[in-house]
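Every chain is named by a letter (A, B, C and D) in the order it is written, and numbering of its residues begins at 1.
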Amino acid sequence: MSSPPVLPTLSPFVTATAGRNMTRPAYVAVTCGVLMMVLLTTDPLYAAMHGVINALLWACLAFFVFEWLVRLRHAARTGRQWAYTFSFRGIVDAASALAVPIALAAGVSSRSAWLLGMFWVLKVVPGVRGLRQLRRVLVQESGPLLSVLVIFLMVIFLASVAEFFLERDVQPASFGSIPAAFWWAVTTLTTTGYGDVVPITPLGRLVAAGVMICGLGVFGLWTGILATGFAAETRRDNFLRTWESVSKVPFFAKLGPAAIADVTHMLRTIDLPARTTIIRKGQAGDCMYFIASGEVEVDLPGKTVVLAEGAFFGEMALLGNNLRSADITTKRVSRLLVLDLVDFRLLMARHPDLAETIDTEAKRRALENK
Amino acid sequence: MSSPPVLPTLSPFVTATAGRNMTRPAYVAVTCGVLMMVLLTTDPLYAAMHGVINALLWACLAFFVFEWLVRLRHAARTGRQWAYTFSFRGIVDAASALAVPIALAAGVSSRSAWLLGMFWVLKVVPGVRGLRQLRRVLVQESGPLLSVLVIFLMVIFLASVAEFFLERDVQPASFGSIPAAFWWAVTTLTTTGYGDVVPITPLGRLVAAGVMICGLGVFGLWTGILATGFAAETRRDNFLRTWESVSKVPFFAKLGPAAIADVTHMLRTIDLPARTTIIRKGQAGDCMYFIASGEVEVDLPGKTVVLAEGAFFGEMALLGNNLRSADITTKRVSRLLVLDLVDFRLLMARHPDLAETIDTEAKRRALENK
Amino acid sequence: MSSPPVLPTLSPFVTATAGRNMTRPAYVAVTCGVLMMVLLTTDPLYAAMHGVINALLWACLAFFVFEWLVRLRHAARTGRQWAYTFSFRGIVDAASALAVPIALAAGVSSRSAWLLGMFWVLKVVPGVRGLRQLRRVLVQESGPLLSVLVIFLMVIFLASVAEFFLERDVQPASFGSIPAAFWWAVTTLTTTGYGDVVPITPLGRLVAAGVMICGLGVFGLWTGILATGFAAETRRDNFLRTWESVSKVPFFAKLGPAAIADVTHMLRTIDLPARTTIIRKGQAGDCMYFIASGEVEVDLPGKTVVLAEGAFFGEMALLGNNLRSADITTKRVSRLLVLDLVDFRLLMARHPDLAETIDTEAKRRALENK
Amino acid sequence: MSSPPVLPTLSPFVTATAGRNMTRPAYVAVTCGVLMMVLLTTDPLYAAMHGVINALLWACLAFFVFEWLVRLRHAARTGRQWAYTFSFRGIVDAASALAVPIALAAGVSSRSAWLLGMFWVLKVVPGVRGLRQLRRVLVQESGPLLSVLVIFLMVIFLASVAEFFLERDVQPASFGSIPAAFWWAVTTLTTTGYGDVVPITPLGRLVAAGVMICGLGVFGLWTGILATGFAAETRRDNFLRTWESVSKVPFFAKLGPAAIADVTHMLRTIDLPARTTIIRKGQAGDCMYFIASGEVEVDLPGKTVVLAEGAFFGEMALLGNNLRSADITTKRVSRLLVLDLVDFRLLMARHPDLAETIDTEAKRRALENK
């Protein structure tokens, strides 16, 4: 549908590129491009192999231009060209493709122009799953974080003025102006402490000690805010991922909606590719699994049992001895719900009927596999 | 009422100034004044444009004097002159207005006197909303924080004495007295580590290693205390802001008081100015909204619907497909209660009658907008 | 009972000293002694006033010897001499009294001997209330903290060996032996970074970068453990202090024991000296108070009402407008239970009968004070 | 069973060694070997006693070779030789035994070869109990931690390129290539701040200030994630350890399964060796104990009472006055469940029948011991 007839072999690749995901070649290009950019600045190495480095840089650039054009065309076809162009991804794609050529065209020296390839690394951002979660934390907690930033800037300003006043006569080179004192204040308040600019008068040192202690406080507030926000976000994220899967497991359907909400808090969702071993015989087991989608294969002595959507497994290690009794492997891409030993016990205690269901099934399986 | 007849055009401005809030001109004056103060100390720039810088500094000072006088007069009229004069704000206003002139009058050199303009920056403090919350955390946790401070000071003292004893003979310049050793101890315990004063004897270094590890511990305790306090304060602050709004939404009125207390923990209050887009068509939706006060406009194809106080919207994206189906914008200053997807599901599970109300309304809207 | 007849005027002082608490003179002596000890090492000042400094040091020492003897005699009389002698306090008292004289007698130079006065500062430790709480956190979390310490030491050891191997040839002075490399590793892993010893080979720097990142991780683990422990300890401490007072307030007696346990989690205990203003008229109110012991005085227009043990006040600001309507002051040492606005609302929602009691009382008071 | 007939006296030692635990001789060998390795590099000491040091190093090495062989043979006998060889422990054992001899055989100088003894220290890892818990936290939170690492690396890369561009002309020695700028970026972002490489241009310093503030943010996120994970893991770990013991105490057997799950959250398990004093007469008591396994001895005036599995003690200090009324000591290895004062009160409030049982028993004991 979006494959140009002139390049038939590229067709699946173009489709993947247009689909807004990082393709494998894109990862290779980013890694290679960034590496070459770094090598470009290391003199002896560059002198020895500047031909290879330049060729690879141009190849990476060509790839990014191609990628940008494919995505632009795809966006135009689906009528979202403006949405794409002004999205974060669109801007990064454009900068990756255009920054270096424009700089070269504008007469910037070759070694400076290629430094603009640093935008390439930003292409990876949308592919990192946890970044969205982190961004939500920063947005949710933006109020308190900004307050701490205001305190931070105010302490830096007041400390700079004070040190400027106290040290300007004895160290005119380091504390000769307030912007110069800013530099000292930032390195001190963040407890970096380069030591290139250090107060030497007794009063200046007293102020500096105060600034360092404030630094600890700012650190503490910052961390406290982020820790609070992060804990909330982790719970939310897990709940949302699990909620939809829970309703697909008949085992939980008996429970009323309020109990299902409780159960959702206990479960954790994991997505596994095909042919992944989930349980290995003889290992210690500390959780059981429900199949939300997909299929798994139980490797029993002499036979193989397939469990489909809605089934559960791994309960035996939680009920009796602690060891897994069979290898279990996914047959295709599967989504599993994991119930930890702790929550298993809480759940069984609160819902005796569920406990009975699991017990009956475990006994039936034990008999069958004898 | 508080506008002087001689300055009719200033009247609304004076009223705003008297009203104890930071006005926009005040923000401009603080920013400009502080910037000029910084430029005053940067030699080449000051030499080039000292006329402009001096003029702006005097203008800012004049503004602060004027502001202080207006507030003093307003306070005197309402019989609160003493309360105002000795409040934090009153003291900052007085210092901002008087510190520089008094210093100049006392014969302090012009470049030193203007440094007292650093008090101007404190005018911003009462305007930062989150600072009150941070102050409450510090007050609530003052006990443990003081304990940590005592540990901190004790470690510094003992480490200073020990290092003074161990290093005074080999480094008389750096460790020649206990106050000199203090400076080393503070930079080390806060893990700033300038490196201008470093122990060189083996035993001195052993003590220093101990101090650094204590530094990590102090950091950890400090952060742990602040994180604990901050988490509690965030919950409290949100509860208080939301509580009053909840009772104004008829949707929740059906619930008993105990359930309302529960619901309050789930909601988050946001205040929006007029003409702000809350929901954009086609975006992914992860929360629904209740109108506590104000009005919003729903931009449907071919018509515009206005929702008033007590109505809710955004529920469709939570029930069916994940995407918003219309643009929604505030008509005037509005306060909304936000119910996150996670809490929406919990609430619906626990209160089936609310679920039904929302379902019915969502179906009615879907039919109507077909 | 324990006052020696020869010193009748000292009698109450001796009793207080024997009672194992820090008396006010003891605080003065510690502060003064430590200050003099510091001044002893600052050359120009000591030269100018060595007479005063020496006299004060001897006076402080005499006080500590006296204090130790009084406590020893008191302990001997009550048959607990061994318990006292080998308790933390007993050892500190003995060290404070004996360390300096023994050193002087052993021929140590005067200026070195007085440095042993650093033990004086430890006398303050048992008086800091929060330290016990911190110690409990450290004890409770000692397992994980020790694990982190083991990781810490292992990283330091492995990094030292690696850097010794990589840097010994290029920097024999700094990395010439593993103990020398230890010093580098500690300053780096704690992120202190003096900069006196810095790796310069590329591989050495790579190892150093790894160590720094591990430093962040150790920091994070340490903080996470302490934060977790501290949150638990704070809850526990508050519960214990409040539990006993709650049962003395008849208002809560109506609740069953399970509900009282709930209420205890909501209340916070504060102890106030006599004649302290608790509530100031016109202030914003965000909590109400129950009197667990003591008496308070309500300053109404034209009359003064005294509230005794078991009464409550401050509820009006929570029910109606937000402002306090009278000054309230303690008449004698009082213990109050504070109920925050948030918890007040939750409590009223869950226990309608309590809500009614408070409402009735508030109305009665409003009528009465009209 | 696994003792070779030729070495009868070694038999129990070999069995212990084969059993995969760190034996006491192994701890001695690791400590001694590592110490000798450190001394090997400290020149004056090594010159003075190189005979002893070399002998001890060879002895330790011999021990590790012996240990590895015993374990290999044991693994081979039980048919698990491959599992052992490729486990973490197997690899560390092999490296400890072979690294130094191979290096010596390959002609590496003696002083360099012995440095490979640094692998010895890794033998301690499986013996540290808390490390498993920490590893679980790192695994559970690996997603967010990796996201933060990606941010960390991205900030380092972008900052390095920016500083390289800004500083390469003024400081070609320090910022002459991107890898050189990396070194600066890592020391700055981790707030180590050696100060050996410092930006000096105004723009370079502005970028550096941004990097330092990001450093605080990375710190905060890292800590927040670890704190969140650690809190969850601590709860889980305690629950699992306690769960099995609870069911063995008849006192709790009366409770339904849901209540037992609640109680499990309140209890903490401790394991004590024989002849350990648990309670000392006259101490303040803040918890009571249940015996999950083992026996304890109560030292009453004139007689000694033995309490066996399932009994409880220490309840008197919680009910009446705060002081312990007898010494209590373990008779053999015992596992106790600790119930804190806070949880004791909550439990008594929620389960009046348990309260009665404890009350009755306490009264009976008080009568008996009169």
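As a working rule, contacts are C-beta pairs under 8 Å (C-beta built on N, C-alpha and C of every residue); 3 or more make two chains touch, one makes a residue touch a chain.
These numbers were taken from a predicted model, which means no experiment stands behind them.
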Taking shared numbers over all numbers used, above half giving same and below half different, the chain B and chain C interface sides are different
If every chain is reduced to the average of its C-alpha atoms, which one ends up farthest from chain B? D
Since chain A and chain D are copies of the same chain sequence, what is the angle of the rotation superposing the Cα atoms of one on the other, rounded to the nearest 5°? 90
Mind checking the centre-to-centre distance between chain A and chain B? Centres are C-alpha means, answer in whole Å. 28
Can you list the chain C residues in contact with two or more other chains? 179, 191-195, 219, 223-225, 227-228, 231
Residue ranges of chain A touching chain C (in the complex, touch as defined): 191-195, 223, 227
Chain D partner contacts - residues on chain A that touch it in the complex: 34, 37-38, 41-43, 112, 115, 118, 121-122, 124-125, 128-131, 133-134, 152, 179, 182-183, 186-187, 190-196, 218-219, 222-223, 225-231, 234, 286, 340-342, 345-346, 348-350, 352
Contact set on chain D toward chain A in their complex: 143-144, 146-148, 150-151, 154, 157-158, 161-162, 164-165, 176-179, 188, 191-195, 198, 202, 205, 208-209, 212-213, 215-217, 219-221, 223-225, 227-228, 231, 235-236, 239-240, 243, 256-258, 260-261
